[in-house]
Each structure stands twice: as C-alpha cells, then as structure tokens.
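In the two complexes below, chain A is the common chain; its partner is chain B in one and chain C in the other.
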Partner chain A sequence: MIDTVREIETAEGISLRLRAAGALPRAQAWVLDLLLRGVFFIVAMIPLSIFGVAGNGLAMLLLFALMWAYAVICEVWMDGQTPGKRALGLRVVHADGTPVTWLPSVVRNLLRAVDILPGVYGVGLVSTLVDPHARRLGDIVAGTMVIHARELPAGQQVPAMPALPLPLVLSADEQAALVDYAERAGQLTVQRQEELANLLTPLTGLRDTAAIRQLVAYVNWLLGRA
Partner chain B sequence: MELERIGVVLRPRVTREALDLGAAMLRAHARPVWSAWFAFTLPLFVLCNGLGVALGWPWLGWVLMWWLKPLFDRLPLYVLSRAVFDQAPGWRQTLRGQARWPWRRTLAALTWLRVDSNRALRLPLDLLEGSTRAQRSARWKVLRRRLVGETSLLTYFCLLFELVLFLSVWLFALLLIPHEWRPQSLIELVRGDTQVIPTAWVLAGAGVAYLAMSVIEPLYVACGFALYLNRRTQLEAWDIDLAFRRLRARLQGVALLAGALLCFGAWTPAAQAQATAEVHTAAVAKPASVSLDAVFGARAEAPDPRLAQAAAQAYRDPRFGGEHTVRRWEFKYTPKPATATVNPLFPWLGRLLGGFFQLLLWLLLIGVLGGLIWLGWRWRGRWLVREEEAAPALSPPISSMVDAPAALPADLAGAARALWQAQHRREALALLYRGCVEQTARELRQPPAADATEAHWLRQAQAIDDPQRSRRVIEIVRTWQFAAYAGRYPDDATVEQLLAGWPAQPGAST
Partner chain C sequence: MKQERFVALHGKTWDRLQSWLHALDRQPRRTLRQEQALDFPAEYRRVCHHLALARGRGYSHEVTDRLQQLVQHGHRVLYRPPPPRWHRVATFLLAGFPRLVRAQWRCMALAAVLFYVPALAILLLLQLRPELAHTFFSSAQLAQFEKMYDPANPHIGRSSGTDLQMFGFYVMNNVGIAFRTFASGLVFGVGAVYVLGANGVLIGGIAGHLTAIGYGGPFWRFVAGHSPFELTALVIAGGAGLHLGLTLLAPGRRRRGPALVAAGWVGAQLALGAFAMLLVAAFIEAYWSSIASLPDPLRFGVAGVLWLLVLGWLWRGGRAVRHGA
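Up next is the complex of A and B:
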C-alpha cells in the first residue's frame, strides 16, 4: 500500500505517524519565505539608504542574516516553522519526530549551499522528488524531515441517539470505521449514506434509513453515551 | 471499479498532503509510467523537431512539444489509474489502451482549454468517468469546489519545477565546462550579441526542455490524480466503504463458519450443544447492555462540578500558562530620541559603525585566542605521552581496594570519646560501631564477618543471652545507622551513655 507516512514506534509501543511533506508544498513555503524576506529587505533598505556607505554595510549584514540565520532562528524558536512553513502547515522535525534543535537546524540550512546548486535549487528539487520522505540533501545529512503539521480534516459531532450495544465484538479498526462513518455522514449524500449502511446489513439486519439509524446508535454505544 | 483492490492508503487528507500522495504513487510506479511515456513521446519529439528543421523554423519543435502536453498527459494517467486499482500495465498495453479512451476531451484540452490551470484535475474527470456533458459539468462543479486554488498552484509550481530543471542542466554545463573551452557563440548568446540563434542551440534547448518536461509532467498528472482521489474519498467516503466491505466479508465468513459448525456437530447431541454454545458466543447473542452509566453509576457525560473545579485549579498552575506577574523597571517618561540632523551625521555615523564593528571583530579575535590558550592550558598534560603511561601498571585487585580496618584501639571508649569531642562525630560513632560489632561477635563466639550489614548485627543482637547487652547493641547499631545514613547525630549525653559499660568497655560487667 502506497502512503506518505513515516511510522515510528516508540519504546512504549506507541506508533507515531509523521506525514512527510513533498516537493510541492515545500516549494510553495520556500517561495513565500523568499517573498517575505525580499519585502522585509526592501522595506529595511529605505531608511538604510539615507546613511550612505554605512547603510550599505548594514544592508549587507542584514542580507547575510536573512540568508543564513533566518531559517535557523525561525525553526528553533518558532516550533520548526518559518513563516512560510507556518502558512502552509509544515514543520521541520528530527527524523524521529522530536522538535528540531540547534545543531541539525544549522546543518540543514548550511547545506542549502549544496541544495541550491547550480543556483536554482536543482539538486534540492531532484533530491526531494527521489527521496521517499521528500528530504533534500541537507535534511538527509542533518537527520531531519519536513512534515505536515496541520490537523486532518475532521467530521462533525456524532448525532446523539439512544445507544445500542453492538451484537458482536469488533476489532479496533472496524470500530474506528463505524465512528468515522457517523462523523462524516453529514458530508455525504443521503444515497451514499444508505449505500454504505447497506454494506453492513449482515451486522444490522436492516436496510436504508433504518440501517443508518442503527449504525449511529451503535456508534453512540461505542462512544460511551447512554 | 473495484475498490477492494486499491493500492494506496485512503484516508481523508489535507489537500497538500494529497499532492504528496501523487508523488509517492509516481515513485512506486516509476518504471511503467516512464517507459510508456518515452515510448510515446520520443518519436513525437523527433518528428516535431524534424518538422521544425525541415520548415526552417527550429523553434517549432519546442512549441509543438509544449502544445501537445495534454495529449501526453493521457499516458501517465492511464498507467497510474490502472496501477492504483489493479496492476500497472506495460507500455505496449498502455499505448493500445489509448485507443479505448475518449478523444473528444483531449481535443478540447488541445484547443480552447489549452491554457487552463485546472487541467490536472480535469483529466481524471474527463478520461476516467466518461459521462455526458450535463453530468460532467455538474460533477466538475462539485469536484472543483475547494480545489481550484490548489490545482492552479500545482500547475504554476510544476511549470516552475520544469524551469528549474531546464536551467539546472544549462547552468551545470556552464559550471563544468572550462572557461576557455566555452564556444564563442554561447558567450555571444549570453551577452546578447547575436540576433539569430544557431539551429543547433535551439535543438539542444528543445532537447533539454523535453527532458525537464518528461520529469515533471508525469508528476503533474500524478498529483492531479491524487487530488481527484482525495476529493472523491472526501465526497464518497471511500475509506469507510473499504472498511465496511472488509467487515461485511468477515461477518459473512463468521456466519458461514457457524453454519458449518452446526451441520458438522449435528451428529452427536453433545457436540451440537457445544456448537450452539460456540455460535452463541460468536455471533448470535446480544450482550447485556453495558454502558458507562452502568459501570460508573453516574451519568458519564453530565458535567461534574468537582472535575471542573479540579480542571480550573490545574489551569491556574503557571506551568499550564495562565497569568504571570512580571515586574520590571520602566521609564516614567519616554526618553526623547536623539534628534539627529541628517546631513552632518553621515560620515560620523559611518565611522562610528565601522569602528564599532572593528572593535567587535577585535574582541572576537581576542576571545578566540583566549579560548585557544585556555584549551591548551586545560589539555596541557594530554599531549605529552608520559613514560609511565606507555606501560600502565596492572590495576590493583578489587579486594585490596577495600580498606582493611585498622586494629581497634585498646581503650575503645576513650578513643571514641576523644574523637567525639574533637567534632569527628561520624568517625567516633563508626569506631564505636566497629567495637560493638567485634564484641558482639566475641560474645556469640562467631568469627567477625567482613560482609555483615547492620541488619545482620541487629538480628544477631537478638541471640545474645543477656537482654541488657542485647538492647545496648541494638541501640548502638541504630545510633550508627541514623548518623551514617540520615546525618542525624545523638546529643552528648546519649553518646556518654553509649560509651559507658559493655561493649565500649569490654571489661565492664554490664
């Protein structure tokens, strides 16, 4: 089965699912960051231009900081998110899912010098397209990756109904599917809801609207409502 | 379409995540996609450029290849759509399969829809769903609702990626060719001296552009297809459909098994009874209604005032945020900014800043030098390889590292009292303890054990016949334990009491 998730099992037996972010969202975040920095630099140049040569020197220092320190400082102090990444819901983390720290962040951003070759990020693009977790060379060396941090789209509250106990024991996956169904039924057409509910006639013994109501009642029981 | 055979993990995803699913699909089916791609597009590339050269317009091949993109898009989509639901087809099969796919929409995409930023999402709808015109426009309205922005961004960024790859190839070539070997025509081209570009360069450019397109265009189609899959998963809950189908198959399997058990066990009444019992537990009986109310005796969802209070208490903890009181000094009046007249300050400020940064650099240099000297001083011993270290002596055996206790003084009580009065309280009590232990061993006619613990001597004390002596041993051991492990020392009177009589004075009668 093809998926973009990197699954990590902790020593406590908890599996963490890191949803690796690919080349396209990362490029979008990068372009946004570039625009932000460009605008900031131009705005800063206006007062600096009054100071002649001294202002030029300061502008060079600012440019250096924006090129090399911006990403590191943002990543370490803003939860692994530069403003562009934050806007797109991305986050830099270590390969094991822990928050990124100084050294890996510095390494991954220093290696931009390689990824940017030959001046237009060609190496970085090819690396993100080829790597299964869409890491560029800097990420691979620093042991970091970029993940989707935004929450998954969720359904609405399960409608409250008198709970009905399930007639037999279901596995955790099957229970989750039932709850998913009740939560997302509002996004589906009525016909599709009935079609799905009819699939479970062996469980409910009913069809169409009655089957939907029965399933929602089961879910109320699964959620521990009275 | 048989959903059970789908080869990707379906779950509701953020739209951007769906794009990454497209890249992952492409990575997994890279070989069939690109073999079909090159089998179809390479002859066309040669044909287009040949046509361009023959007509005397070398750029025509370039333009035609770009224009025909919607036609080429059919191949990756064919492979991926088959690969996701079934098996990836070979390139011959893909080429043959094109004949069966509708052409009208491709013609539309090649003409009036050529400049359409939603092509990636339109493709699966047009080619995979095959519906009438009215249906299609209704479907398109539903499908595109939250995706238009994302699909347009996808198109623009794929264009950008193509450009990046195209430029990368040229720039790498420029970087790798030594300066004196670079052909004069290229330098003139870069400087803009030439007005007419030689055909060879145009063809090379077309070739590189074709390669860049070959890399990115399948990605574009795959991402569009993934967006389509994700949207339909959202609209039609495909993931739930799959889970329900699996559950249904399992339930039907259970029912079959139960039936088989019934038939099989009907031969003997006992077996039948057992079988019905099994079926009973497996599928038929409804368990007694168990709810949270029954288990906990109270309404599970009713708001509990105690819980709310405890939660409020917890949130007041500064570690969970909440309010902080911060004290700091502030100016009562805002300090006036130094009014700087602009003109005369220019050279000043420049010199000032220059001096400041120079000072900073000097300080940095001093810091680095200081650090180096400090490091050298700190590690000064490590650099000289000493003679002794070349042949390190065998480490002494562990047993000899345990201090053999010095012999006890003859006047134990006196020695201990002297130590106590000299404020060496711990040593005094240790001496007393050791003497006490020795006397106890002698009393019990045992060899003194080196590995005996305090607890051992407490137990041994019970064995002493004289209850008073036994009590005194326990007292001394306890006092020592309190002093040694808890740092709690007795007062002088207690010590005097412990030092009087047996065992501190072995000759004493009590």
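Up next is the complex of A and C:
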C-alpha cells in the first residue's frame, strides 16, 4: 500500500506514527519563512541605516545569519519548527521520532545548498518525490524527516443509547467494523448511513432509520455501556 | 474488560498527563519544576502500556487515537534534546575539531593538493608568462585587483569601506563559499573538487598577476595575516565535502544510508569548525591586515606565528596528555 505513514517501534513497545510531509506544504512553509526573513531584514535596515557605511557591515552579518543560521536556531529552539513550518503544522524530527538536535539540523540546512540547485529546489523536489518518506537529500544525510505535527481529528463519540446485546457472536474484525461505523456515522449523510445499515439487514432484521438505531445500540453494548 | 470500564478506570491518568503536557508547552520552566515532573516518565510508560492494551483488545478509535496522540506528545517530551552546554563549544574548538581533522587526514591532504597545486602552478606560470593573466581574468577584473592593491592606496586590500563593513562582507562571502564547498561535495565530490580547484586558480592568478606587475608588496603584506585561518578553513571545508562525496561513492562496509549519516555528522562538525576559523580570519582581515602603517617585520612576524599556531593546533590539539611513567 502506498502510505506516507512511518511506523516506529519505541523502547516502550508501542509504535509511533509519523506522517511524512510532502513537497507542497514544505514549499509553502519555505515561502512563508522567506517572506518573514525578507520583511525582518527590511525592517532591521531602518535602524541600521543610522550607522551609515558601518551599518552595511552589520546588515551583511544579519543577512548571513538569516541565510544560514535562521533555520538551525529556529529548529533547535522551537521544537523542530521554523515559524513557517509552525504555521503549516510541520515539524522536523529525527528518523526515530525524537526532536531534532544541533548537528542534524546543521547538516540538513547546510545541504540546502545542494537541494536548492537547478532553479528552486529541483534536486530537493525530485528527492522528496522518490523517497518513501519524502525526504530531501539534506534530510537523508542528516537522518531527519519532516512530519505533519497536527494530529488528525480523533474519532467522534458513539451516540449514547440503551445497549442491546448482539444476537450472535461476531469476530473481532466484525466488531471493530461495527464500532467504526458508529463512530463515523456523524460524518456521513443520512442516506449513506442508511445504505450501509441496510447491508446488515440479516443481522438487525430492520431497514433504514430503525436499522441505524439498532446498530448503534449494539455498539453501545460492545463498548460496555449500560 | 469492556472499553467503557477501561476508560472509567484510567481516564483520570490520561487527563492528568495531557493537562501537564499542555502546561509544559505554555510555561516550560515552571512546569518542569512541579512535582509531577518527577512522575512523568513513569506515567508516560503507564500510558504506553494502556495504548498497547487498547490496541490488543481492539478498542475503538475514540480511545486508541486519543492515547496515540498522548503518547506521541509524551515521546517528544521524554526524548527531548538536552539543553546546550556552552563549555562544550570551547572543548570542541580546542580538542574535538583538531582531532576530527586529523582523523580525516586523507581527505584533508587531497583537498590541500587540489587547492595548493593549481594555486602555486598558476603563481609560478604568471611569473614566467605574465601576459597569460588575461586568459584567466577579464580586463575589468584585472583593473579592480590593481586598484585594490595599488601601492599608492592608503588602505590596502580594498578600494573603499570601513572595517566593520568589510568584516560583514568577509563573513558573508567567505563563510558562504566554505559552506557551499562542503555541501557541493555531496554531488559525488565533484562540487568540492571544482570549488577547491577554481579557488586555487583564482587566488594563484591574483597573486601571480600582482607580483608580476610589481604590486606584490601590498598584496603579500595584506594577505599574510589572515591567510593561515582563511586558506586552512577553505581546505578543511573542501575536505569535509570530499569526505561526504567519497562516502557516497564508496561507503565501505556499511550500507550507503547509515554511512552517509555518519559522514554528515563528521562533515557538519568540520564545517562548524571552519566557520569559527573564518570568523577569526574575517576579523584579522578587516581590522589588522588593512592597517597600512604596520612595519613589515611585525606584519610578517605575526603571520608566521599565526601559521605556526594554526598548524600546531591542528597537529597537536586534543591529544591525550602523556603522564610520566
């Protein structure tokens, strides 16, 4: 299956799910960072212009810091996020899901110089498209990846209803499918809910709205509600 | 155990952990001083256990997703990087960096050959055939070099600008070149080879041309002071790039991925060391080399001492002190 989720087993014996971020949100974050740095530089030029020619030197030092140090400092101190990445809900982490540290951040940001080649991020774009975890060359060498930091909305609560015991024993998969149905029913149209519930007429013996209610009642029993 | 009972039993633990993690996001220092911070690792592992149970028992997404989110957040906090320790910067510069350079001596030697051989060859060639300078540089470039190092110029090595302005310019320009040299090494080392060779030709060409037309005095007096740091840093950055490229070509007994990660780790440290050296070089270049009134013996004496210091630092720095038997 084509999936951008990377599962990592941790020392605690559970698996973390890192959802790799593709080229598009990362490009958006980069443009946002670029604009932010541009505006900051222009605003900073105003007080620097008081110093005259010496201000030029300070401006170049500032430009240097914005070009090379900005991303590293933001990533290390802001939990793997530059302001642009934060706005887009992205985060840089090590391949094992731990927060990014100094040296890997330095590596991935220095190697930007290669990824940015032909035109604007030509190498980087090809690399993110080829790599299963959408890493650019800098990420591969640094051992890092960019993930979506925002969590997906968790499943909705199953509507509470007087529980009804199931008339026959269902396998674990079948039970899970029923619970999933009840959790997601709120996101579906009534027609679609009925269409799905009607598939289980042999189980419920009912159709349409009554079938939905019956299934939700079964699920309440499965979840252990009174 | 049914899901509802499981939630009723442990829901409080999850809520407590969640609110603590949110407080940590908002006020990191204060939250870490709370007593609950001591319980965090144990509590986190308990929640991990709950997630594994919930998965194994096939509980619904309502519970597993919630626990999964909690655990991802906790993982990020438990395995956060330690705060930076500033004394390690000093240890690195004094001991770690020279050690690393010596460990990579093959790449460093190769980089030095790639840089110094073309530079010296062009320098000598231009003494024998001065007219060849026009094949390396355009007339406009030559005119600019001649203006910078004109013996009549009160400020040597630059046509205009104050010390601070030139410091900013040197930092941005030279460190940018060094970082790009390192990064371009990833392209099978070709980039690093090209940048080293091209800079060798450029620097050798300027030196050769100015010496040949008799402007050698100001030129050598200007570059003597900062060259030990600047040229050595360029070679080190190039060597780090070569190391990266050679690892990609011939990873040895490791798989390419892990070998590249290890090479990147080494390369980043070398690039940071080169960055520190170039800061020193830019400082010397802006504030010391440009003083025209310094007597020559002092100038070249200091340059000699600096060369000895740099080479001695790279050669001996970080060696284990041998205690008497």
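Criterion: the second predicted complex is superposed on the first by the 192 of 226 C-alpha atoms of A that agree within 3 Å, B and C clash if a C-alpha of one lies under 4 Å from a C-alpha of the other, contacts with A are read in each partner's own complex, and residues count from 1 in each chain.
Note that a residue touches a chain if its C-beta (ideal position, glycine included) is under 8 Å from a C-beta of that chain, and two chains touch if they have at least 3 such contacts.
In this text the structure is predicted, and so the values were computed from the model without any measurement.
In the superposition on chain A, A:Leu168 contacts chain B only, with no contact to chain C. When the two structures are aligned on the shared chain, A:Ile50 is found in touch with chain B, with no touch to chain C. Within the superposed three-chain model, A:Arg225 lies in touch with chain B and with chain C [touch as defined at top].
When both complexes are overlaid on chain A, the residue A:Arg213 reaches neither chain B nor chain C. In the superposition on chain A, A:Asp79 contacts chain C only, with no contact to chain B. Residue contacts after overlaying the shared chain place A:Arg6 against neither chain B nor chain C.
In the superposition on chain A, A:Trp68 makes contact with chain C only, while chain B stays out of contact range. Using the contact criterion defined above for the overlaid structures, shared-chain residue A:Leu111 touches chain C, although it does not reach chain B.
Of the two partner chains, chain B is the only one that A:Leu188 touches; chain C does not reach it.
On chain A, the surface touched by chain B in one complex and the surface touched by chain C in the other have residues 53-54, 57-58, 152, 176, 180, 224-225 in common. Across the complex, chain C is touched by residues 10, 12-14, 16-17, 53-54, 56-61, 63-64, 67-68, 76, 79, 93, 97-104, 106-107, 110-114, 137, 140-143, 151-152, 154-158, 172, 175-176, 179-180, 183, 222-225 of chain A. Every residue of chain C that touches chain A in the complex is listed here, in rising order: 1-5, 44-45, 48-49, 51-52, 55, 58, 60-62, 65-66, 68-69, 71-72, 75-76, 79-81, 84, 161-169, 171-172, 175-176, 179-180, 182-184, 186-187, 191, 244, 257, 260-261, 263-265, 267-269, 271-272. Touching chain B in their complex are the following residues of chain A: 1-5, 19-25, 27-28, 50-54, 57-58, 88-89, 117-123, 125-126, 129-130, 132, 134, 148, 150, 152-153, 163, 165, 167-168, 170, 173-174, 176-177, 180-181, 184, 187-188, 192, 196, 199-203, 221, 224-226. On the chain B side of its complex with chain A, the touching residues are 7-9, 11-14, 16-17, 19-21, 23-25, 27-28, 153-154, 157-158, 160-161, 163-165, 167-169, 171-172, 174-175, 215, 219, 223, 234-237, 239-241, 243-248, 251-252, 254-255, 282-293, 299-301, 342, 346, 349-350, 353-354, 357.
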